[in-house]
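These notes are about the structure you will find just below.
A, B, C and D are the chain letters, set down in written order, and residue numbers restart from 1 in every chain.
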């Protein structure tokens, strides 16, 4: 298994708070299986909001982004990374605005599907850390999981860690272990996959017509059966005079 | 302001746990402003899962539901209620399965829009309590807020209360106060609205064509401006040879 | 019922796109019941990200925000408004980054609870419009519903409208009607509540101890019953030798 | 790479609808890389709701579940599977109640962490299909992603497929391709990982104290710096007389 590079992204303005602490622990987990790591503090970069070019012209959204700002540095880091760990404070049951801008600007990679048939960050491995004084961490993590997976990223086992109270991360054994394992798993899965050259999306499936034909027949049979029991019972309701 | 009736729905199997406790407190809040209240333990009712008639025949889903089970009793309660407070344990960042079945079965009221132009539970007032040993409460509450509002229910101020740790509800002053106010607000807003006979959805807007015409002109003007600055910048990217 | 003021917030960079169109329609709905309205394009304002002061010092987060930018203008608008309609494009199953910054910066109003016992925007009425070429609208709206309600705002019936495909808003009758009714309902409920001076959160409940005492007795009784049937069955499992 | 077994779980009552169709296509994708597959229709099984034993006694929730019903059959299937594809109709922006019960009942596997230190379904690979006539698919998928990952499952690239309109699945090329690739990726990643015997959660990290010590020093340095610039600016606000 080759060497891997894991990028830690701190989306909190406080590089001494719980998001930062758990992220650092996660990166140690990544190092424990031989990964090279780097931590970037998003708030130190000037990241302008996405301006939604794709809605005006779907082919306009492509790498490099039309906006010339510090994302150019971060784009390079993301491309280089085999794994990515995002740590965000929970602001209103959601990511920080700075992280939202970062995420939105990653669209240039994903939209390369339209341009050249392949998302540029497909197959990378990702984990998410969310911390807050209160609840909302799962809503935040869920949203990022769906987002990252829709960009083709892989979520390894136990790829979430969080704190939802005012405790200091250093006093929260669960969060410490979860973060360490999260980092370890991101790096571990990235390492395993490093040796495989997998294209994770086939835009043409040779025998798809034949496959669909078979399934259609099967579905027809199921439907015919439903037409005998389920459907009549349901349709009778329309004339239900008791309503 | 007339008298109101607030229905408390306990979706936990444990009528001695935190969901139950906070729900009881909420109902006291409702009583404090003169509401009549009732608490039902969903687990004591036999509520079968929705079988999705609406996908076979959109007009088949109507009150009363084709399934003859204890929902018939609960449907009556829901119809009678001016306000509804749902208390659920958080199972996997989501409602309990029993509550899910209850929610799904309410579709018969909502689908009356298709049958006769009006949702039967529109305009009622609702609040949500979610408790768990861990996070996920906001994801659960958010989902219910969107669902209830899509059935035409009103969410009064501070209509959410929760516990996301192993604390006993009776020892959690915040959750106690939040629940009390939640109940009070559900009843209070229901009382205020009791005297108004409002139809909250107009399916015909008399002058809609004229309105749209005006807006179209305005949007055209905005678009013409965009064609001079924003769009050319974006479209130029398609031919960006640096890509 | 007095006059009300409804603020429309366009969180899309495109003031000729679907978010803008539906927002304009919603504002017409608000006008139809006598509301004064105003539309602001968030992208025309310089809104810096929240820097999370509250985590360093809970009393530091207060109005006016320490950050001196265009939010000062928007804060005034929000305070003045009786109702608020937020229209956002869906970027990665979530609000635009610009809207996220706007939302996060509203914390100064909510945190006045800590400073002086009352959220400054409590009791206002809100609705949400979300548009995208694809899914994610409900996740976006749900998150905003939970957020706005946690700031004390009221969600009137049918306060959501959305588009989740590439259709032009002007060709989508459902979205047009939903938006119009959304605006109407925000204004209508704001009008009704204008005459009431309601404090929606009581931080002291006079007889709370007595109330809790009664509930505790009731819960004890339930628990005693559970100790006879439910619990023994469950606890027996621990010694289940078949495992 | 060894042979793998992928379990398809249809959570729709209609074995002729879009959920079923896309699930079948996904299973063909799994077969295309040599996987053995099986499809189960959840509605054909009697799955009672979880009764939350874990809240009464954390060690009571263990495999086999105290409830004796058809889950016993499904538990066997889940244990045997290397990959799992869940297809659900979207009922109120969420899974069907039958699927909710199935998910909740999987807790017996996850809670084996408490009993014997390891989740029994850790390391399996999962994908999610959600279909509806309307929006809510992403909220549904997000919730399942967070849930499955919290049970230790892996989400491969592009592990989501959905339909959010009334189109027939067979007429939706995107959904067909997405489903096929989803199934292929679940099987492919399961195959790759089959040869590795990885324990994905280390509950003891040997040198954790030393690691934390290093991080604490680093955080202290960051905090000291903040004490000189960031914090004073923020704290000054408390005495801000302009408020």
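Convention: a contact is a pair of C-beta atoms (placed from the backbone, for glycine too) under 8 Å apart; a residue touches a chain by one contact, two chains touch by 3 or more.
It should be emphasised that the depicted structure is a prediction, and the values quoted were computed from it without experimental measurement.
Residues touching across the subunit A and subunit D pair largely coincide in numbering: over half of the numbers involved belong to both copies. Of all chains, the one whose CA centroid is most distant from that of subunit D is C.
Judged by contacting C-beta pairs, the busier of the interfaces B-C and B-D is B-C.
Subunit C and subunit D have Cα centroids lying 28 Å from one another.
Subunit B and subunit C, compared by their mean Cα positions, are separated by 13 Å. Measuring from the averaged C-alpha position of subunit B to that of subunit D gives a distance of 25 Å. The multi-chain contact residues of subunit D, meaning those touching 2 or more other chains, are 13-14, 51, 56, 93, 138-139, 142-143, 146, 150, 226, 230.
Residues of subunit D that touch subunit B in their complex: 12-14, 17, 43, 49-52, 55-56, 89, 91-98, 100-101, 103-104, 107, 133, 139, 143, 146-147, 150. Touching subunit A in their complex are the following residues of subunit D: 13-16, 20-21, 24-25, 28-29, 32, 122-123, 138, 141-143, 145-146, 149-150, 152-160, 170, 176-177, 180-181, 184-185, 188-189, 192-193, 196, 198, 200-203, 205, 208, 211-212, 215-216, 218-220, 222-223, 226, 230.
By the touch criterion given at the top, residues 51, 53, 56-57, 59-64, 66, 93, 115, 134-139, 142, 162, 164-165, 226, 230-231, 233-235, 237-238, 240, 242-243 of subunit C touch subunit D in their complex.
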